[in-house]
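Here the structure comes first, spelled out in structure tokens, and everything after it is commentary.
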Amino acid sequence: MKFQLLDKVTEQTDERVVALKQVSLAEEYLADHFPTFPILPGVMMLEVMVQAARLMLEGRSEDRLVLGEVKALKYGSMVRPGEALEVEVTLSKQLDDGGFQCRGTGRVRRSDEEQADGETAVSGRFTMRPIRTA
Amino acid sequence: MKFQLLDKVTEQTDERVVALKQVSLAEEYLADHFPTFPILPGVMMLEVMVQAARLMLEGRSEDRLVLGEVKALKYGSMVRPGEALEVEVTLSKQLDDGGFQCRGTGRVRRSDEEQADGETAVSGRFTMRPIRTA
Amino acid sequence: MKFQLLDKVTEQTDERVVALKQVSLAEEYLADHFPTFPILPGVMMLEVMVQAARLMLEGRSEDRLVLGEVKALKYGSMVRPGEALEVEVTLSKQLDDGGFQCRGTGRVRRSDEEQADGETAVSGRFTMRPIRTA
Amino acid sequence: MKFQLLDKVTEQTDERVVALKQVSLAEEYLADHFPTFPILPGVMMLEVMVQAARLMLEGRSEDRLVLGEVKALKYGSMVRPGEALEVEVTLSKQLDDGGFQCRGTGRVRRSDEEQADGETAVSGRFTMRPIRTA
Amino acid sequence: MKFQLLDKVTEQTDERVVALKQVSLAEEYLADHFPTFPILPGVMMLEVMVQAARLMLEGRSEDRLVLGEVKALKYGSMVRPGEALEVEVTLSKQLDDGGFQCRGTGRVRRSDEEQADGETAVSGRFTMRPIRTA
Amino acid sequence: MKFQLLDKVTEQTDERVVALKQVSLAEEYLADHFPTFPILPGVMMLEVMVQAARLMLEGRSEDRLVLGEVKALKYGSMVRPGEALEVEVTLSKQLDDGGFQCRGTGRVRRSDEEQADGETAVSGRFTMRPIRTA
């Protein structure tokens, strides 16, 4: 697999980004999670938000940014093959140590019209920090 | 990659099937097709229809079915990461040699509401034939 | 897998190309097509011809070329692991819209001498068209 | 890649598990995270703890368990190829809704003796919940 | 990739086996060995002989057999994408410790007729031993 | 998988290199070798030594170097997921034809302290030769 989990960016400013991750059975990790019940793993939902945050912060930091903290992250609905996770990440605060506090929400999106969509799949706060190389 | 291109089946009878293939950058072949302009390859669109036809015909044939002929297949809009291909395959005729004539159409589906969708990406006729092992 | 299906090009002019695709069990998609009966999928045979056509047309077009139409494509013998598909693609006509009409044939090649080879696995016509980005 | 991130389990009771995840350049996702600076992604550290928790809870729940919440998760040292992440997960509380509160810590382990090891790479609390299928 | 390197077995007794490994650019490891000059790695040639030996010895041993020793193995011609490695492995001696001494030779096979083929790519002796689990 | 089997280089001169290969279940080939008993294949141990030799010889040769001969290679202990193979490769002699004679040893390394480690997994001699392109 490619570890590139933003399939489409629909909005982007330096304080907010909205992006979409499609879930497809051709992605190998779904064969293991789980063999008979494939769903997007919770940590992959978090990674979609992390990659969206990294994109949003490109103009604010020249450092490579990685996860620093995760706070009060809650998971709700599951995202299945044929569905998508749409995440919205906003910048809450720039921290003194060069990090960034972010807030993220992910919703289930379905392209067929027969089902309601928009249930919350994940939401919470996290910080992105510059890599400490020492 | 897994060669399983039906992410979701939304309708299925033994004469008609509607199914969805999500296109995601995590799928490896998009890195080669093309490195700077990833799109679902035309042959993969055809394979989505083939796999949908195989599903539709499961109750009619105990043989393993593979592509026999492709006729008048036309490609239109491209399908990009973050979008999906929704195919509809119908059975046209059962052939004397154990094969099946099918008709298929694929449309682009987008889960965000800001863009119109539904453009035809592919349409045409094809036959599925039982594997000749001799 | 890498989506690079031309293993060897044995002839190449701007009107004709002959190329070889080896079929090997190490390629992942064969594990799914089919688990107990691995064969080169029909759509992959078509893709070998598409990639050969793209190579042949490199000198004639600066656009990226993708499948436009497939006409009267017929499948014959299957190609198994340990065998190869040798395709020959020729240019039939340059179209007014910037596309190219091609004709392609694929034959089974075996490197051991004990079996006859050369059966037709696929043959038909197809067009390559420049990507319409609008 | 295989989404199996427990390479070795060194201790296991139904209240505590200690397990090891080796980090190897042969794992594909490191090529994207990041091309010139490969490190174990933060979400993968979390997934190691999730998989360890699932193992620990096998005897207590017949449901499939997934991430429910993540609280106060902090990342510290990075884990590079040639190093390992050793996680310790303990059960804090069984919840009324069938879920489980867990605490996890991950430390960097190095097999060469020249460097000190044991720095904390990740620590925090999380809950595992049974899959809600409604 | 699948680590299944015997694409076709053309002869098999319990003292001799002849098998073929196709070399295809779709196999991922060729992208790294080497990016601009893909060839079948020498250790993969050896593995083809090991897998052929394992097949030959299936009827003689119920143990899982792995490489025990490699003696006087010499590499000659390289095997490129579009070519195949045909190995012949023969049993030299059954050893007292449950192992088997084998002799193996690999030749380059090409399916197009324009080039001579049959150059030796690898030859040597090796032993297969039962797994010692203590 | 990536065919990059040196996860960490701990010593390097132009006559000696020490490097580490982590063994992780996320690496796909372990699923086939063997499904119920994953171990680092013997040929992969050899490849770790080959890649270490290539690194050691970078300053001495501008040619691409591949395996030329393998002599008296013996396998001992197995290396399992959660363990590592530490190889030491030394240069024995520069050959007249541009090749290099090397000696290599690989030992099992474990990052948990409860088990003794350091058993020999592989040792032997091999030559690296410049690629003959004729």
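Labels for the chains are A, B, C, D, E and F, by order of writing; each one numbers its residues from 1.
One rule holds for everything that comes next: a contact is a pair of C-beta atoms (placed from the backbone, for glycine too) under 8 Å apart; a residue touches a chain by one contact, two chains touch by 3 or more.
A quick note: this is a predicted structure, and the numbers were derived from the prediction, not measured.
Trainee: Smallest number of touch links from chain A to reach chain C?
Mentor: 2
Trainee: Determine the set of chains touching chain D that also touch chain F.
Mentor: Touching chain D as well as chain F, we find no chain at all.
Trainee: Looking at chain B with chain C, do both copies bring the same residues to the contact (over half shared) or different ones?
Mentor: Shared-number fraction above one half, so same.
Trainee: Given the pairs B-C, E-F or A-B, which one repeats the contacts seen at D-F for over half of the pairs?
Mentor: That would be A-B, since it shares over half of the contact pairs of D-F.
Trainee: If you average the CA coordinates per chain, which chain's centre is most distant from that of chain B?
Mentor: F
Trainee: Calculate how many whole Å lie between the centre of chain C and the centre of chain E, each centre taken as the average of the chain's C-alpha atoms.
Mentor: 29
Trainee: Distance between chain A and chain D based on Cα centroids, please, to the nearest Å.
Mentor: 19
Trainee: Distance-wise, how many Å sit between the C-alpha centres of chain A and chain E, to the nearest whole number?
Mentor: Computed value for the inter-centroid distance: 45 Å.
Trainee: Could you grab the centroid distance between chain A and chain F? Build each centroid from C-alpha atoms only and quote it in angstrom.
Mentor: The mean C-alpha positions of chain A and chain F differ by 38 Å.
Trainee: Would you mind listing the residues of chain C that make contact with two or more other chains?
Mentor: In chain C, 1-4, 28, 31 touch at least two other chains.
Trainee: Should the pattern of chain-chain touching be classed as line, ring, star, complete or other?
Mentor: ring
Trainee: From chain B, heading first to chain C, what order do the chains fall in as you go round?
Mentor: With chain B as the starting chain and chain C following, the sequence is B, C, E, F, D, A.
Trainee: In the complex, go through chain C and note every residue touching chain E.
Mentor: 1-8, 10, 20-28, 30-31, 80-84, 86, 109-112, 114, 117
Trainee: Touching chain D in the complex: which residues of chain A?
Mentor: Against chain D, the touching part of chain A is residues 1-4, 28-29, 31-34, 37, 39, 41-44, 46-47, 50, 64, 66-75, 78, 124, 129, 131.
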